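Encoded as structure tokens, the structure appears first; notes follow it.
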Amino acid sequence: MLEVSNLACSRGDHRLFSGLNFNLHPGQIMQVQGANGSGKTSLLRTLCGFLMPDEGDIVWHGQKICELAEEYHNEILYLGHLNAIKDELSGLENLCISAGIAGIELEEKEAVTALRRMGLRGREMLPTKVLSQGQRRRVALARLLVSDAKLWILDEPLTALDVGAVALIQELIAAHLARQGMVVFTTHQPLHVAGMEMRILALS
Amino acid sequence: MKKSSMLDLLVLVIRRDLVLAMRRRADVLTTLIFFVMVVSLFPIGVGPEMDMLRKMAAGVLWVAALLASMLSLGRLFSADYLDGTLEQMMLAPQSLSMLVLGKMAAHWMSSGLPLVLMAPVLGLQYDMSMRSLGVLIVSLLLGTPVLSMMGAIGAALTLGLRGGGVLLSLLVLPLCIPVLIFGTGAVEAASSGLNIASHLSLLGALLVLALVFTPWVTAQALRISME
Amino acid sequence: MSINWFKYSAPTTFYGLAGKMIPWFAFPAAILFVIGLYMGFFVAPVDAQQGEFYRIMFIHVPTSILSMIFYLVMAGYAALGLIFNTRLSAMMASAIAPTGALFALISLWTGALWGKPMWGTWWIWDARLTSQLILFFLYLGFIALHASIDEPRRADRAAALLAIVGSVNVPIIYFSVKWWNTLHQGATIKFSGTSMQITMQHTLLTMTIACWLYAIAVVLARVRSIILERERKTEWINELPEVRL
């Protein structure tokens, strides 16, 4: 369970938000809403541990994330604006390496299955620089299929995706929540998860 | 799906970076060509008199290796920083220092090691004796990893900055001066027939110190830069 | 009587304190400078070997020693800022850097002025001067790194890490430069004999203290302007008489 209390963050001289409180339980999904520049990405990055908050605590299963460090990293999956894939490597190589860095030894067969499920059949071995924007995003999102992280922190996951891919991601999120996972995300496109009550956090 | 160990991760990172270096061979080759060019510029600049060149050889080769290393350090973290893979590495459930060590090792293998192999060939242009060339190789073998590692701290601190490579060099070159001194000292001792053991053991000591401290310091620098 | 140190660790309160402290350092510094320079150029006797030119030592030696000490002080503040996350420590480190760099530069320049009559060249590669040059580069690196990063927090912390790495390296650099110098049988700047005349010692001490006091005054003034710049959006700054115009 994720507990955030009295969180305050600033960027440079500029205070983004303060006094933020929320809890997230297994099986829950939360959307962070706000205008451009209201601090959505900063909040997500603070939840990952990249940014130090000015005030407040983030507690995971009763322990502060700054103390947990690597153990906390084990439980989260972060997908930011950048795809985090190397242009010179193929989709398959990228996925195996991403999984490896996250501590998971992935068999080639499993990786290929994941990429095919993401709609990249026939393109697994091509260097990702020849793929389209949307296809690269799909390679990045393939990590969702092979990760065993409990908390997914997704910053605009649906960018560059077509309707079919959007539906697929919604399915994956629903399955993750059904397995008692948690999701915190931001999006500029509508994202509906079947049968789930979505919590909203609005940053002003 | 099995969980991997620290050693597996180290090997994974080294292999990844080496594969990437192979696929972007231009980056690796330009460093090497720069090294060759700088070494070749000196005789053109100071005159072809063999006696003088023989005396300058150790210094010229070492300074050129130093400059070439500084140039190549820009790409240690910047590509990963720009496409987001670096922040994923910082979210790894293993120690960031280990990942950094892997990147440093791969970087040295793709930038430093070619310099070490090229240097004796260039040493012949300066009429260095066989003994000197041998010591040159050993000193570069011990010293270039230290340059890579010290430079990695600079590369981590200057991530994404406009000043880029020049700023990195400004920060790191003063810190690399001991390596330069001991490295050239060893080669000059060899060409004068003196004992080289003290110079080489000092280089070895610097290498051990760098191995122990620089990965952790670089990891901290990365965290500071990624905030 | 216990001093509440933490009260002054906030920029708000330190601003006022620093302002009050500056005259207490500036005036004694000015007085000691006058005394020291008078002693150095008129009172101290002519040196047996080096004649009149050695008098430049009275500027060279204090600035050399202090530039090294200031680097360590700067690194100390930087470390405090990194460990305890205090803004003021980082501001102090940034305030010390230009003064330290200036002292290093003066030391190099006076070393050159000394060398010309002695050795006939404008520069000699002796161990101390070379180490001083490297120290100057380390200062410049700190200032350059801080100036290159827009985001103030990242700038403070990155420069702090660099200062700490630099200060750990300084002994290694100094040792290696001494080694290099003995290997190449380089020149050394020395005073004649190991025992210095008593007046010379007094003059050196006076000048050293004068430089130190001057540096403290300047650093305090600089940190005040850094505070003004960094905290310019807060309320208390805008209440200050100097800002409200």
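By written order: A, B and C. Residues from 1 in each chain.
Operating definition for what follows: contacts are C-beta pairs under 8 Å (C-beta built on N, C-alpha and C of every residue); 3 or more make two chains touch, one makes a residue touch a chain.
The model shown is predicted, which means the values in this text are computed figures rather than measured ones.
The chain with its CA mean position farthest from that of subunit B is A.
For chain pairs A-C and B-C, the one joined by more C-beta pairs in contact is B-C. The chain occupying the central position, as judged from C-alpha centroids, is B.
Rounded to whole angstrom, the centroid-to-centroid distance between subunit A and subunit B, based on C-alpha atoms, equals 36 Å. With centres taken as mean Cα positions, subunit C sits 49 Å from subunit A.
For the pair subunit B and subunit C, the distance between C-alpha centroids works out to 32 Å. Of all residues in subunit A, none touches 2 or more other chains. Of all residues in subunit C, those that touch two or more other chains are 151, 153.
Residues of subunit B in contact with at least two other chains: 227. Residue ranges of subunit B in contact with subunit A, taken from their complex: 1-4, 8-9, 12-13, 16, 19-20, 23-24, 79, 82-85, 87-95, 99, 226-227.
Across the complex, subunit B is touched by residues 48-52, 70-71, 73-74, 76, 78, 80-89, 93, 97-106, 110, 127, 146, 148 of subunit A. Taken in their complex, subunit C has these residues touching subunit A: 150-153, 230, 233. Those residues of subunit C lying in contact with subunit B across their complex are 134, 137-138, 140-141, 144-145, 148-149, 151, 153-154, 157-158, 161-162, 165-166, 169, 172-173, 175-177, 179-180, 183.
Subunit A makes touch with subunit C in their complex at residues 11-13.
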